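Lettered A, B, C and D in written order, each chain numbered from 1.
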Amino acid sequence: MSKTRITILGAAGYTALELIKILFRHPNAEIVAVTSREDKRPISQVHPSLSGLLDLSLEHLSPKEIAARSNCVFSCLPHTASAKIVPELLACGTKVIDLSADYRLDSPEKFQLWYSEPHPDPDRLGNVVYGLPELFRQQIVDANLVANPGCYPTSAILPLSPLVKSNIIEPDNIIIDSKSGVSGRGRAAKLDSLYCECNESISAYSVGTHRHSPEIEQIISISSGKQTTVIFTPHLTPMNRGILTTTYSIPKINNLTKSNVIDVLKIFYCKEPFIKIVDHLPATKDVAGTNYVHITAEVVGNRVITISVIDNLIKGASGAAVQNFNVIFDYPEKTALV
Amino acid sequence: MSKTRITILGAAGYTALELIKILFRHPNAEIVAVTSREDKRPISQVHPSLSGLLDLSLEHLSPKEIAARSNCVFSCLPHTASAKIVPELLACGTKVIDLSADYRLDSPEKFQLWYSEPHPDPDRLGNVVYGLPELFRQQIVDANLVANPGCYPTSAILPLSPLVKSNIIEPDNIIIDSKSGVSGRGRAAKLDSLYCECNESISAYSVGTHRHSPEIEQIISISSGKQTTVIFTPHLTPMNRGILTTTYSIPKINNLTKSNVIDVLKIFYCKEPFIKIVDHLPATKDVAGTNYVHITAEVVGNRVITISVIDNLIKGASGAAVQNFNVIFDYPEKTALV
Amino acid sequence: MSKTRITILGAAGYTALELIKILFRHPNAEIVAVTSREDKRPISQVHPSLSGLLDLSLEHLSPKEIAARSNCVFSCLPHTASAKIVPELLACGTKVIDLSADYRLDSPEKFQLWYSEPHPDPDRLGNVVYGLPELFRQQIVDANLVANPGCYPTSAILPLSPLVKSNIIEPDNIIIDSKSGVSGRGRAAKLDSLYCECNESISAYSVGTHRHSPEIEQIISISSGKQTTVIFTPHLTPMNRGILTTTYSIPKINNLTKSNVIDVLKIFYCKEPFIKIVDHLPATKDVAGTNYVHITAEVVGNRVITISVIDNLIKGASGAAVQNFNVIFDYPEKTALV
Amino acid sequence: MSKTRITILGAAGYTALELIKILFRHPNAEIVAVTSREDKRPISQVHPSLSGLLDLSLEHLSPKEIAARSNCVFSCLPHTASAKIVPELLACGTKVIDLSADYRLDSPEKFQLWYSEPHPDPDRLGNVVYGLPELFRQQIVDANLVANPGCYPTSAILPLSPLVKSNIIEPDNIIIDSKSGVSGRGRAAKLDSLYCECNESISAYSVGTHRHSPEIEQIISISSGKQTTVIFTPHLTPMNRGILTTTYSIPKINNLTKSNVIDVLKIFYCKEPFIKIVDHLPATKDVAGTNYVHITAEVVGNRVITISVIDNLIKGASGAAVQNFNVIFDYPEKTALV
């Protein structure tokens, strides 16, 4: 069976490194090029863990060159950089899985509001599938372009969507308190990401202003069937990887119990290969290095609490991207992911 | 000036170690004895950081022996162990600062409910001052026994009390999402506290069942003037020390702004030596190793969010204990704490 | 193709967990039983990361029961426990890969000296292959029992053996300064393994007395052809996994250069799938979660310095065990390991 | 008693922050200015832990302005930046404690060789006291300029000097294997210092080329009375602070025992307030946050091993600087340091 030829854009970061490692395990994937705008070093110098494993150097390639070599592109570029190159790739017939935020929001106005820049490819917004197979698998099957979800949204949408869909919680004023490892910050050399700034400390950031808020609201609104808002507070936690999201919402029905909520989740996800509804309180280490999501729920006082854990670099980024790749190219969905 | 002679009960744990280190800096404190029920080793073997600094061995002492040697006792014993020895110490005229949970709740029934054991000294409950000088300084001045607050309650009560007192937030259904370092678990050799179980992972625990919930509710109820409940979710964070507490509450007045909330806090704590109301989002490292509390507030959607940070071993335990000691013995309140 | 049926002895620890995760990826392996002497819980309660993935409970099984169910046993039992059960397993025709220290040393006297206990199966010592395929692959092919190497020995022997074999360093008085993550301590609930005892701290331990010393000396002696001794100092490093070993030895030939040493290593390991000789200074994160070994060398003053990194739980334990399994059962050696 | 007025140069880094915190506890020190070449923000914005504690902003000041305001300067500038300003400060009569490397080496040629730049103030080299009070207290008393030692040199010289002075170890080919926390890298925003690059990993760096090598050799040579060389290998350890140094040397006398070595160290340092010779294996956490040094020794095979631990930011930098300050200004040497 011939392999799908893959180019990875923006290959110097953490997300790309995870992607490469996952694709090594994929029998149908061949990485043919890795790009960077500035760096031309061998990829194994940029990521020493690839020493002796991938004999490619970073290249600065035009969309045409990329399309000539590969039939699938994973973009790990920063936002707006991705949407500047995606249209041409699509025009050449290349499929694109975009790990940036560029195609997640459904209108250019929303993008401009949250990212403070005009969108480079505004007409496409509203027509791109949100790459969460658990909710949108059918649309992904036929997609040429998939907007890979943000890490926080994945951790929040997966526990909440079934509960708003089944109408057992109020879809408004849901509080989402998330704790993420530092790799979520990316690999740029910034003071705030230094070891001694992050280690032995936890802090909240972007309170009320985080760009994943509208993304969560957009998908929860689809699930609830009405425009909904959330209060989203991310926290920077001293660990490399992992997100734990705690949500607090108000039950819509009297005497809702923990086992009611757990049952709704279990039924909703009964056929999903990567979602595990558990009765205990999960820890991020339970899913570290995997594409799995562990979710539980509690009812305390007049609040439904859900707790979910993912690996932000895998299910929150590169694992989800490969899951989408498998769906698009009709490979078994778990390929390379277990 | 003669020094106050101090015995520390239960000196093998982390809280006692911090207490000893703080008391080294106190010109009016002399540690005369350190106790343990089982261990008789030199304290510097139990805590190697004390090598060459404190020439005492752990002893198993009766209350009478303790009272004969010392005029102040800090109890770092586990709950119920403390209340078994405190009455006799008080009868001998020794002042007691109790870092256990034994005298925090105001009724034996509440204690029994949350700690699943009968209280060893039930008649005293309801008459012991809660050792948070920022709220109860006048009662502490004359106290013979002080119930040193729990670490989580300190981190939650300090931001919330002024807001419920000033009537700007609803006192009910306040959500308290706390993140604590692992030292809060104590020094017992338990699987759940192992390095490899805690490192590179975050998890929630005791959801809806943590014993600090009734303690928080009790003090918030005093501040609000009515019986209130909270939803309290603690999380175990991979760091030695520090608590960050995020609270979510509903404004009682329209158009409440961040600066309104900050102003209420600044005015309330304007004379407090250890409370700093800040405009930025604080991190636990900002107060690590200190008795300070940094608090800020935000208003997002229809929610007031407060974020507060403490060092759980200092302001959350031993620093607060020395602060109470200073108040009781009429030493300047900041002695040994800056 | 029928699968090899596997039982894992002592499945509650970290090594067994890694082993299980690796075997999930092995197309020819089926885990049929997991044992524990005391615990009877479902394995997914003991290791929550296995939730929904392995539907087995821990069992207490006799050697006969084990042999009846499985044709290969991985023993993750503590030392002496393993050698009490292995003889009967072998007698039943089951192949055994022993991850304990029981069959590594070549005489019962040496075992008694270092482990302070008589060996339960003394006659076999001296006739068991040391499971380092890079040095002893041919003997492993035909083995019924393999002594899987210790983690520190693997990290020290791999860089040193080629250098003593090729006679370019003095085989005596080699200094081996190793730094290991905390998982090397195992999963027992001990004070010294607590998060707050290990985090934010590094320390040496077992200086001059570590049980891996005779193991290293035994294999280096085989490589050098004469009885040799080493000075081995292990250090406990605040990380979950990884070993970095720095060795210092005296060149036997004048003007030896870094590239001479690197060349010897590259030639020696040119066909090895898991050994990467690198020119840069490797970090343990470069091999974390993998079966790879990265090795480099420097010449400084009159000393040859080698630096090698492994994942102590993978190449230092469970990955090596699966590599041995592949060799014994004639599966491609990299199966499940890349 | 009037206070010594202090300016801190280069106050935005970790060393300066520690210095400020120590000086807060000093009854005879007043911080009057903090400088930065680029930053003009309030110091509490640069170091949020100083919120409400130090009401100064960073300033760019000329040597004359500094000298007009202060009678003592602590320089936390990078190398060569310090020596460009120190001469003028000294000319104005200001005492200088230089935490940079500029005045540690004893010749401009050596400086040029290791720092690849000409020294800005070459004539002074060779006449500046090395600020290790345990070895050079008498010269520090009368100094106007003190070269505060490097962190690694402090950790290596303190255990080794007494042993070479007393002639019980060979002064040549001593192997020094050091492990340092990440704060030793400083606070610059570099890729290699990012949390995700350092966490969960250990690596060697600057093998054979680290600039602290000649500094160690210079002082060991003074102690031994002859030119000596060392093999120095630093390792980056995943923790904020602390250095553990393991040294390996050859005994000069037969049958040297551990207790011989320990005795030499105990006698040598019997009057030193900050040096503790211990019988157990120390951990960096034992001295974290303090100016203490814990040292032990072992004899293994034909090697003397010493193990020493310091806090790199305190005894390895700012604590030592304040210790020097106390010696120069005739304050009790332990002031602000216990």
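Simple rule for what comes next: a residue touches a chain if its C-beta (ideal position, glycine included) is under 8 Å from a C-beta of that chain, and two chains touch if they have at least 3 such contacts.
Note that the structure is a prediction, hence the values are computed from the model and not measured.
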Which pair wins on C-beta contacts, A-C or B-C?
B-C
Name whichever of A-B, A-D or A-C reuses the B-D interface, so over half of the contact pairs are the same residue numbers.
A-C
Report the inter-chain centroid distance for subunit B and subunit C in whole angstrom, where each centroid is the mean of the CA atoms.
45
Whole-Å gap between the CA centroids of subunit C and subunit D
39
Report, in whole Å, the distance between the mean C-alpha point of subunit A and the mean C-alpha point of subunit C.
36
Residues of subunit C touching at least two other chains
197, 199-200, 238-240, 282-283, 285-286, 288
Given the complex, residues on subunit B that touch subunit C span 14, 182-183, 185, 187, 189-191, 193-200, 238-240
Over in the complex, which subunit C residues touch subunit D? Could you list them?
173, 175, 177, 179, 181, 197, 199-205, 207-208, 229, 231, 233, 235, 237-242, 244, 246, 248, 281-286, 288, 298-303, 305, 307, 309
In the complex formed with subunit A, which residues of subunit C make contact?
24-25, 45, 48-49, 51-52, 200, 276, 278, 280, 282-283, 285-290, 294, 338
